[in-house]
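The following pair of complexes shares a single chain, subunit A, combined with subunit B in the former and subunit C in the latter.
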Partner chain A sequence: MIRIVTSVLAATMAMSLPARAEDLVFLSTQLRPVEEAQKMREIILKAGPVLTTYVADFPQVVPTRLAAEREGGKHTVSLVGGLHGELQPLVTAGDLMPMDVLAAKLAGRGIPPALMELGKLGTAHQMYIPWMQATYIMVANKQALPFLPKGADINALTFDQLAEWSAAVQASTGKRMLGFPAGPQGLMHRFFEGFLYPSYTGGVVSTFKSAEAEAMWTQFAALWKTVNPNSTSYNFMQEPLLAGDVWIGFDHVARMLDALRQKPDQFVAFPAPAGPKGRGYMPVIAGLAIAQGAPDAKGAEALIDYLSTPATQIKMAQTSGFFPVVTATLPDDLEPGLKLAVAAIARTQSAPDAKPSLLPIGLGTQGGAFDKIYLDTFQRVVLRGEKPRAVLDRQAEGLKKIMAETGAPCWLPDKPSQGPCPVE
Partner chain B sequence: MRRSLYLAGVTMLCAWTLVPIYFLALGALGGRDLVNTFPKPFWPGSASLSTIRDFLAIDGVTGATITSVETACLCMLFSLILGLPAGYALARFSFRGANAYRLLILLTRAFPVAILALPLTVGFIRLGVYDTPLGVSLVHTALALPFAVLVSSSLFQAVPRELEEAAWVFGCSKLQAARRVVLPLALPGIAAIAIFAFVISWNEVFAASVLTVRHRTLTAYLLTVLSESPLHVQFAGGFVLILPTVAFIYLVRKHLFAMWGISNR
Partner chain C sequence: MIPYILIAPSLLFLGVLFLVPLVQTIALAFQVHGAWTTANFTTMADDINFHDAIVDTFAIVAIAVPLQLVLALGMAMMLRGLGRGRDIVLWIWSIPLGISDLAAGLVWLAILTDQGFLNTVLLKLGLVSGPVSWLSYETPTALLIGIAFAELWRATAIVLVILVAGVQMLPKEYNEAADVFGASPWQRFTRITLPLLKPSIQTALILRTVLAFEMFAIVQAIGGRNFPVIVGEAFTWQYTNQNFGVAAAYAVVVMLVSLAATLVYLRALRTPREQIG
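On to the complex of A and B.
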């Protein structure tokens, strides 16, 4: 027994000793799913300027790891990739390196100034370089199209029309076929923060308990009566769409791409609906940052440079469902599923009534608590059927506390504020 | 009547373990489309290994498998080296605080690894075992040790003291007696301890993913990403991850039953 164990050990040690030499560690919270990570490694990074080990990790683990490496005094991570909101706490902890020189060098790539500004994360220096962007869209099964309300344009839908549509589908099939990703790993909170609130109230924080918000929750609770009750267990909408449990779904584009890719003939993709105050939508922005004390900062810079070339950005779009932040024209021969997604995103961004709503800015480690305010309100008003007014007043207290503690000023779509964003 | 009840019980128990494995296999072998169809056919129309092959072709899976085996073997080794003497001492010697010691051993499982993550990582970096199979196996050993100590102590208790004493009479030193007489008798149980140590290490995710960057174990490498992958990939991954444990337990099943025989005596 022991002899077997020792020989196995000796063999594996011998095989693993010539470890991937002095490679650069790229820690990323994005492109985690096996297939995407695989494409990232095989297609994008293999052709890159430096030998890279791509490590995909959960967002919660990243700050712990960087803090441990800082305290332990041995750095392995050079490049960090993550969403805007995930990089923010790293700046507060002092784990990112300013990169103004690189930012100046990349000025000609055509990254929109507004995005570059976001990359400063409220400091005077460039803390991350925008890497890729995405947003949330809606996907519908073509079988649902005949039930569209008369005169409705699917690319300029309103919430009222969506409710009518979903009710018509239910009346005809006897099933609740609208779906939202309200499962434990789902991104439902972004629907409230980036779509529902801005569309109905024109704000997210300041209008939290306004009369418009009250009306909005009442209407959304009514809409929920046509929503598939399994929605509270959906994390990704692509599976229920493919399985035919849901005909109309809302989710992050990357989380529905699989459905569009597998059956591009069966689905249509279109922008999220508009409310009385416009068509709220939340752009999702991922950035690349260099870890403080990075063992290979030069290599990380070279890699960022490479990842933000138009050619690489186009390749990324083809493999991942994230879209370029630089000026780049996507080729015409895109695969059909991707083409649907690209078109829906473009229509969202260029809609005349578009109302961009940013991810929360300046909340630091309170981001989770902020999301929970919206999810709890949803739970109580929609799932448990409580009166919106009482719930909003109660939850607004929690929201006020978070804003006061973090001192975060308003971000879009709320009007700019002096000091912490007020909950009016 | 009794017989049919007995049979029903056996069928239920078999179904309890086999049905999930069957669905797992069906999902893994049936390909993308089958995963989303319901009701599922009993036998997939076109069983193919393509999903599993794709899965195994993922960059780094081979490396992670090697790391996993390495870590699990080290964990097994440490658990035996540390656990058997401790178990022997608990079984054979009466010393002050033996009961407290038993309890104390269980306490190592009382601390959630999630809370220990940061200090543990910092400590491991300072010790120079961060991002090595050795480091991960140390944590896994800590997790497996209570089991190793308690089970081996009951194993050694089950070996009659008279046999050991007889060996001393015939001129064995204490160490020789333990090695030549007690150890062979306890071997099946020891094999079981080794398996459990192996399986605990193989399945553990959290410590393995926090303490490593380049050298991830297979479970850490895949599980962090598996939950967010398309269903058919999840099925393939699940299938691949349970195979080694099932195979391992199948190989040593005789010893396992033998151990339960001893401890039931």
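On to the complex of A and C.
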């Protein structure tokens, strides 16, 4: 109900904007809060190549509006901006236009091939151009750096090296200084879904109870012996990092930004570790797509071109908390904390062994139940010390049920599936 | 006829805002996708946190409620002995009543957390060499004591207020008579005050126990995921897991437990008719 009211309100507000008939309509699910939307209009789009009306609306409104325009035969929206998972159903509905020519034109911008590949959304054509991104990174207090294992490159750590590092810190300080956001509002489940599982097993759903997963949980339980026991209360890692309770932490970049901004001289930011199957990481990617039947497809292309220039991307980072997808030389006067975050994200996604693992797609209201499968496994194996094999077999039954009920096909890093993603 | 008309609004009010949601909750607890089933209760009982939630909730009730009763009785007796300043003392003792559960939880979190006041004091006194964790999953006993303490601090006042009201209504004559016959203060307390206070104690215990079974905010603030309680689990299933059926099942459990506790008190602390005024 509240959602309906707010979307009606948002729609009325959007209509009341001075939308001229010749303006290009840019419909976006991101940068929705009034302040962010205003910055988008006043700072970013005002300097753009075409007159644009920026309409920010809820994710569930976008497919409905495009479907209504398609069925009504009167197209108004030219450019669509949204998260990867939000754009996927638009392709299925046939509401997006392939944009291979534009993709070729933007090839020199330095968008990582893995992200460009995501933009094909499983088709043979480019369906969206990556626009901006966020992800999860690690932040360490500089006091921890002397304890790095010999020969380890902090920007290319492995989970084994992280374990060694954390153990060395504990041996020297007598305290467990590695931290994870496993509190009630923390994003620990994303660590399992987007980082640990892909790095060790190469999958998330299909490999849930594999032999690799069993070995992974055994190793993670061992690593946990060096983890600050208050981790089960941490929701945002920036707080324990700033308080000095934790020296090495993992979290969503937005939940560590305060630490980096307040004390940029005290912290370093770097990619999450790699396992035997690569450096699993969960990109949160927003893309730009052109609506099928767009009244101003040429203008939309020009706008995408403009939005993916390094200068615009840096401006976006300063105003939104999302980060560039293109190779961008950062200006010297960029806030130092922001610079650390940008560099860590760039290193994560351009790592040679990077293994992008998407946010779950197609689970609908079962998203919470899906996350719970991973968190319960963690609680049983790591916190309660139960044997991984028995726990995995038990939890796999719950996972199978969720996949069967939602019928969600596999998403990256699992191999594409016909029908619901299988738990092998 | 007129009395019925007069009570009709409040009956309607209770019916719409209490009975209807109650029936809806019970119906929700026994349905999955619109079909009648006990699957929600199976899911609830199979869940990793169910056992802990039941044990933790009962542990807190078993520790806090008797202690609160004893403390409040002692405090009420002390108040009776006070002449001047009685109101000030009563006022100070009831301050925790005016503070929200969540705020009380946050106050105790600030005291008990790693960098909190307790560790600072212990460190200054040289009793510990560094911050000690009291609230982690590795220290369940300290966590239980911490939460019990917070619960004591927060809710003893409600028992006190009820008992003070009861004490004020006790006739003075019995005590004076006992005094004349040479009864000791302890005898007067156990033989006269306690039996006469029974109706107030019953009310206080029912209220307190039901509220203790429903405790949530204090525990959420201090224990978080490390100390599951029944109502906390209902909240998690409703909002995090988005499974309204299991959340409703937990709500039904809380209701049954509270009803049972109330019945036990009503029977155990029954006051014979002839003793009531």
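One rule holds for everything that comes next: the second predicted complex is superposed on the first by the 249 of 424 C-alpha atoms of A that agree within 3 Å, B and C clash if a C-alpha of one lies under 4 Å from a C-alpha of the other, contacts with A are read in each partner's own complex, and residues count from 1 in each chain.
Convention: a contact is a pair of C-beta atoms (placed from the backbone, for glycine too) under 8 Å apart; a residue touches a chain by one contact, two chains touch by 3 or more.
What you see is a predicted model, and the numbers here were worked out from it, not measured in a lab.
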item: Which superposed partner A:Glu35 touches (first subunit B, second subunit C, both, neither); value: first
item: First, second, both or neither for A:Thr76, with subunit B first and subunit C second; value: first
item: First (subunit B), second (subunit C), both or neither touched by A:Lys175; value: second
item: Contacts of A:Gly110 with subunit B and subunit C, given as first, second, both or neither; value: neither
item: First (subunit B), second (subunit C), both or neither touched by A:Ala243; value: both
item: Touched partner set for A:Gly419, first subunit B, second subunit C, both or neither; value: neither
item: Subunit A residues touched by each partner, larger count belonging to subunit B or subunit C; value: B
item: Intersection of the subunit A residues that touch subunit B with those that touch subunit C; value: 243
item: Residues of subunit A defined as touching subunit B within the complex; value: 1-2, 5, 8-9, 12-13, 15-16, 19-20, 23, 25, 27, 32-35, 37-38, 41-42, 53, 55-58, 61, 64-65, 67-69, 71-74, 76-77, 185, 235-236, 238-239, 242-244, 258, 262
item: Subunit A - residues contacting subunit C, complex; value: 174-175, 182-184, 229-230, 232-233, 243, 245, 365-369, 371-372, 376, 379-380, 383
item: Residues of subunit B defined as touching subunit A within the complex; value: 32, 36-38, 55, 58-60, 63, 66-67, 69-70, 73-74, 76-77, 117-118, 121-126, 130-131, 133, 191, 194, 209-210, 213-216, 222, 224-231, 233, 237
item: Subunit C residues touching subunit A - in the complex, by the definition given at the top; value: 48, 114-115, 130-131, 133, 135-139, 220, 224-226, 236, 240-243
